[in-house]
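Order of writing sets the chain letters: A, B, C and D. Residues in each chain are counted from 1.
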Amino acid sequence: MRVKPIKVFALLAVICVGSLLLSAMGDFPAFGDPNSPANAGQLATHYITQVRVETKVPNIVTAVLADYRGFDTMFETVVILVAGLAILAILRRPACESSRRFAEIAAMKSHVDLIQVTTCRLLIPVIQLFALYVIAHGHHSPGGGFQGGVILGASFILMALVNGLRATLLRFSEKKALFLSAVGVIIFAGTGLICMLLGGNFLDYEVLHQILPYTDPVMARSHAMLIVEIGVAFTVMSIMFLIYAVLSSGGEMEGGL
Amino acid sequence: MILTFDTVALILLVITAIMALKIRDLLGASVVLGIYGFLMCLLWADMGAVDVAFTEAAVGAGVSTVILIATVYQTTRHSKD
Amino acid sequence: MADQIPVLIILAPLFGGILVLLLGLRYRSVCFPIAVASLGVSLFSALHTFRTVLLEGPQRYFLSGWERGGGFAVGIEYRIDQINGLVLIMIAFVALLSVIHSRSRVSVETPAKVPQVYILSLLLVSGLLGMTITNDAFNLYVLLEISSLSSYALIAIGSRRSALSAFNYVIMGTIGASFLLLGVGYLFIQTGTLNMQDIHGALMAEGLINAPSIKVALMLILIGLWIKMGLFPLHGWLPNAYSYAPSATGTLMGPLVTKVMIYIMIRMMVSVFGIDFLYEQLAWTKPVSLLASIAIIGGSFLAVSQTDLRKMLCYLIVAEVGYMVGGAWVGNLNGMTGAIYHILGDALMTLCLFFVVGIVVAKTGEHRLSAFKGLFKSMPLTMVCFVVVALAMIGLPPTCGFFSKWYLVRGGLEAGQYPFVIALLISSLVNAVIFFRLIEFAYFQSPDSDTAEAHGAHGESGAHGDEGEHSATAHAHTPVPMKVYRVDPDLDADSIITEVPWGMKAPLLIVAACLLLLGIFNSTVTAWIADGLKGVGF
Amino acid sequence: MDAFLENFNYIVYVVLMMIGLYAMISKNNLIKKLVGMTIFQSAIILFYVSIGAKEGAAIPILDHHQMHVAAAHDDHADTHKDKADTHEGEHADTKIHKADKHAAGAHSNHTSAEHASTHTDKLEAPHAGEHGDHDGHHGSSEINPAKFSNPIPHVLMLTAIVVGVSTLGVALSIVQRVHQGYGSIEEDDILNQIGPNTDG
């Protein structure tokens, strides 16, 4: 078999980059070293020691994610939105007549497996409840808007896998999903905008204590984080389902897996 | 000892990565990639990155496998390499 | 409220995009006004911020209000100085004009997906603006991914061929962005911070600057950005992606994406690694500027060998990338000033060229060089603009192209980087060949005579061997001269080529005027740039 | 061998990354390229997470006890007497917080600075000198940064994972579009269809 030139090129590139990366490794602090610059630096130390004072959120990752680096997270939500829109823009096309009819027939005739449907009927509410818990409890345990949103989206994907895409789209249509994804970003960015209107910087949750009842500046940060996590969850949930719906139907939103 | 679990997981990661690329059946490759994602998730949980592990479990092992399989279903299952 | 204006630069297109998503899917007609309005707000904010910068010096904006801590940034910070102030204005301005210009093209080329195109364009612009303004190395990566994802979609939205080139772009773009991320990780592991100024401080304070991992970080970041900007050996994705994409996409991305990547490279060089380190301690200026020289020559010769107008434009972009990379790496103030000035000038030039080519392709239905034949008679204004931009690309005095080349050449001579200077001169000559040929087509050849075409090909082949060959191939590909008359039915029902409507023409005229203005006021602009550069260690 | 095992994480990340890169460049099948891309991206995430790992450190989540000692050392009240009741007490505590935020901040700043200077000599702590009047340790009331793994890489990588799945989704949709257009997802097949004349 002849060796393709592209493989030789790839091998060369890989060897070059690999040796470059390995050459720098002697320089790194040892793995797991608590005193490495990254681990004991001012920034990490500040986050770990100050988070309880400045935000009152026990989960440091959530606090950094939604507050200190909240702007990153907002754009991360926008990344998801862009991905969903991009997939729609690239692949979405009106379903052609034949595939629509085929899907109709399939929906009528498909042998609905009793075990699958019953299991899903029992399982999906529990999954969604767990997702809501993950979103709401992100301050105190691992989790937050992304994880909860993905789980919520996955519950809809499960529904589509078992009951068919058509039946699921009747419950959670494409328009609704797009609307909810926009609403999610608006919740996040709108929170930031309200902060600006109240005199703070963009996403400076501290000023929100003027409108949130029973809060002081520090608790306002904690509460605002929950608000933006809910926004993230909206977007992630709807876009995850939308991505699945478009990809599994080749853009026609009919049939599916 | 924590190092041993790490080591085993890392070796398995390399094996699954190579397997995912070697298998010619794309459906199988997607599933092996799901395993790869899940091993990653275990490794990160072990390193104390619980949030990252949680996300990877939901995204890497869950959603990306599903959308890969959806695409394989829509295109073709056979791969020439 | 005035101190909140810097953040509006990014928020305006972001909210505009979301608004289009909420309203535009139902009411098509609101897409365009919202897009124009939000980009207008963004442009206004950029201008206002730049004015503040000129009056009060560089501005810092702390997102989430995290302005505390003892000498290090806790949250994400924006920093606007003279240089990125100018780049911000350029991005908002170019995006605004390009959206206005492409209005009718969008509804012709992608009729089913008008709102999506507007949303993705706005988010793309928002990402580019954010990359320019941010002072946080990881925030840069997130914004880079926003702009990349939307540009993948904007390219793939076209024909099946554009989908394939978009796939290559996804692969190359992901490699580039991941290298950037990895480079930032290498910096993070050694410094423990992500703020650019803080990274710089840590590198300087602890003598880390000579550590091998920092050099590897620099190399990774540079390679990543070079892939993203399409520097010559790594440019593979660029020509196909831009030339097969819908013309609205090309017009928006061609001028902006590569230029912003070059700015990011300069930003990384200047604010993260520091000029002293790069120019004096690291002996990389020679090899990198040599690489840039190769890029210039390679891009130019690939451009001259193209028969397709849009492909030719794309290779011209590749050549221009070499100018700016070389200017940034010749190793002195003049070179860097020239590079930054050229970012501004080249964005306008590329925009103008994309406008002209878009108009010509739309009007004649022909995308070979011969499409220009006799166009001076039928659309004189467009062709006047084309002459202006041609002069700028060649580098003749009243336009900005001359002055940027002047600085680049001076920088090259001062630093003794003669290959770079020679490459610049060769590239100017090649541009002269390309553009005088097109101007000759437009002015001296009539579209209806087959003999004139043959004569033209014959007449030129004596002067330039390769060029005559391409005229001949162009001739071979257009056996039916009537093809020249093919008119885009959606633009004009008549079969005669006329000027385009004002909606397309006005942006073109404005850009051409700006090319001249930027050239005339070059001393002011370069003084601002030099001020900004002095603020960061020159 | 010890040094090898110590940096095993870093070595494996390079190996995985190179596997991914090789697949992205050399594989012919578009989906295989994307499998390579996923491996490539998660290798980088592995690298980042490895930066943040600390020997013997807990997950970066404070427990209720640690949450409330910040207030406790200021008013000398025993806020952690009843852990089940902490949610009730939170509002009361925050008032104290608001008043004594700066004092608490100064205290913790000092703690961090002290830690940095004792454990890492090369890191300088600019605000160490400002709190010279600090009155010694508070026993359990301080948070030892060495006890928690570094949260920054985790935050960054949450973002990177999301970006990765978004890129994968967009790329897969492009693959489907290519398949709709050319009926194949093998690169050489498609290039053959386009032909040497690349104007397809």
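Note that in this section a contact is a pair of C-beta atoms (placed from the backbone, for glycine too) under 8 Å apart; a residue touches a chain by one contact, two chains touch by 3 or more.
Quantities reported herein were computed from a predicted structural model and do not represent experimental measurements.
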item	value
Pair exhibiting more inter-chain C-beta contacts, C-D or B-D	B-D
Farthest chain relative to subunit B (centres taken as mean CA coordinates)	C
Averaged-CA centre spacing for the pair subunit D and subunit C, given as whole angstrom	34
Distance from the mean Cα position of subunit B to that of subunit A, given in whole angstrom	19
Distance between chain centroids, defined by C-alpha means - subunit B, subunit C (Å)	38
Residue list for subunit B, restricted to those that touch at least two other chains	50-51, 55, 59, 63, 67, 70-71, 74
Where subunit C touches two or more other chains, by residue	70, 138, 142, 145, 149, 152-153, 156, 163, 182, 188-189, 194
Where subunit A touches two or more other chains at once, by residue number	21, 25, 28, 36-44, 46-47, 59, 61, 65, 69, 72, 76, 79, 82-83, 86-87, 90, 142, 146, 243, 247, 250
Which pairs of chains touch, using the document's own definition	A-B, A-C, A-D, B-D, C-D
Residue numbers on subunit A that touch subunit B, as the complex places them	59, 61-62, 65, 134, 142-144, 146-147, 150-151, 153-154, 157, 240, 243-244, 247-250, 257
Parts of subunit D lying in touch with subunit B, wherever the complex brings them together	5, 8-9, 12, 15-16, 19-20, 23, 27-29, 31-32, 34-36, 38-39, 42, 45-46, 49-50, 52-54, 57-61, 149, 153-154, 157-158, 161-162, 164-165, 168-169, 172, 175-176, 179, 184-186
Subunit C residues within the subunit D interface of the complex	70-71, 138, 141-142, 145, 148-149, 152-153, 156, 159-161, 163-164, 166-167, 170-171, 174-175, 178, 181-182, 185, 188-189, 194, 205-206, 240, 308
Touching residues on subunit D, where the partner in the complex is subunit A	6-11, 14-15, 17-18, 21-22, 25-26, 50-57, 59-64, 66-67, 70, 90-91, 94-95, 97-98, 101, 104-105, 108-109, 111-112, 115-116, 119-120, 123, 125, 142-143, 145-146, 148-155, 158-159, 162-163, 165-167, 169-170, 172-174, 176-177, 180
Residue ranges of subunit B in contact with subunit A within the complex	50-51, 53-55, 58-59, 62-63, 66-67, 69-71, 73-74
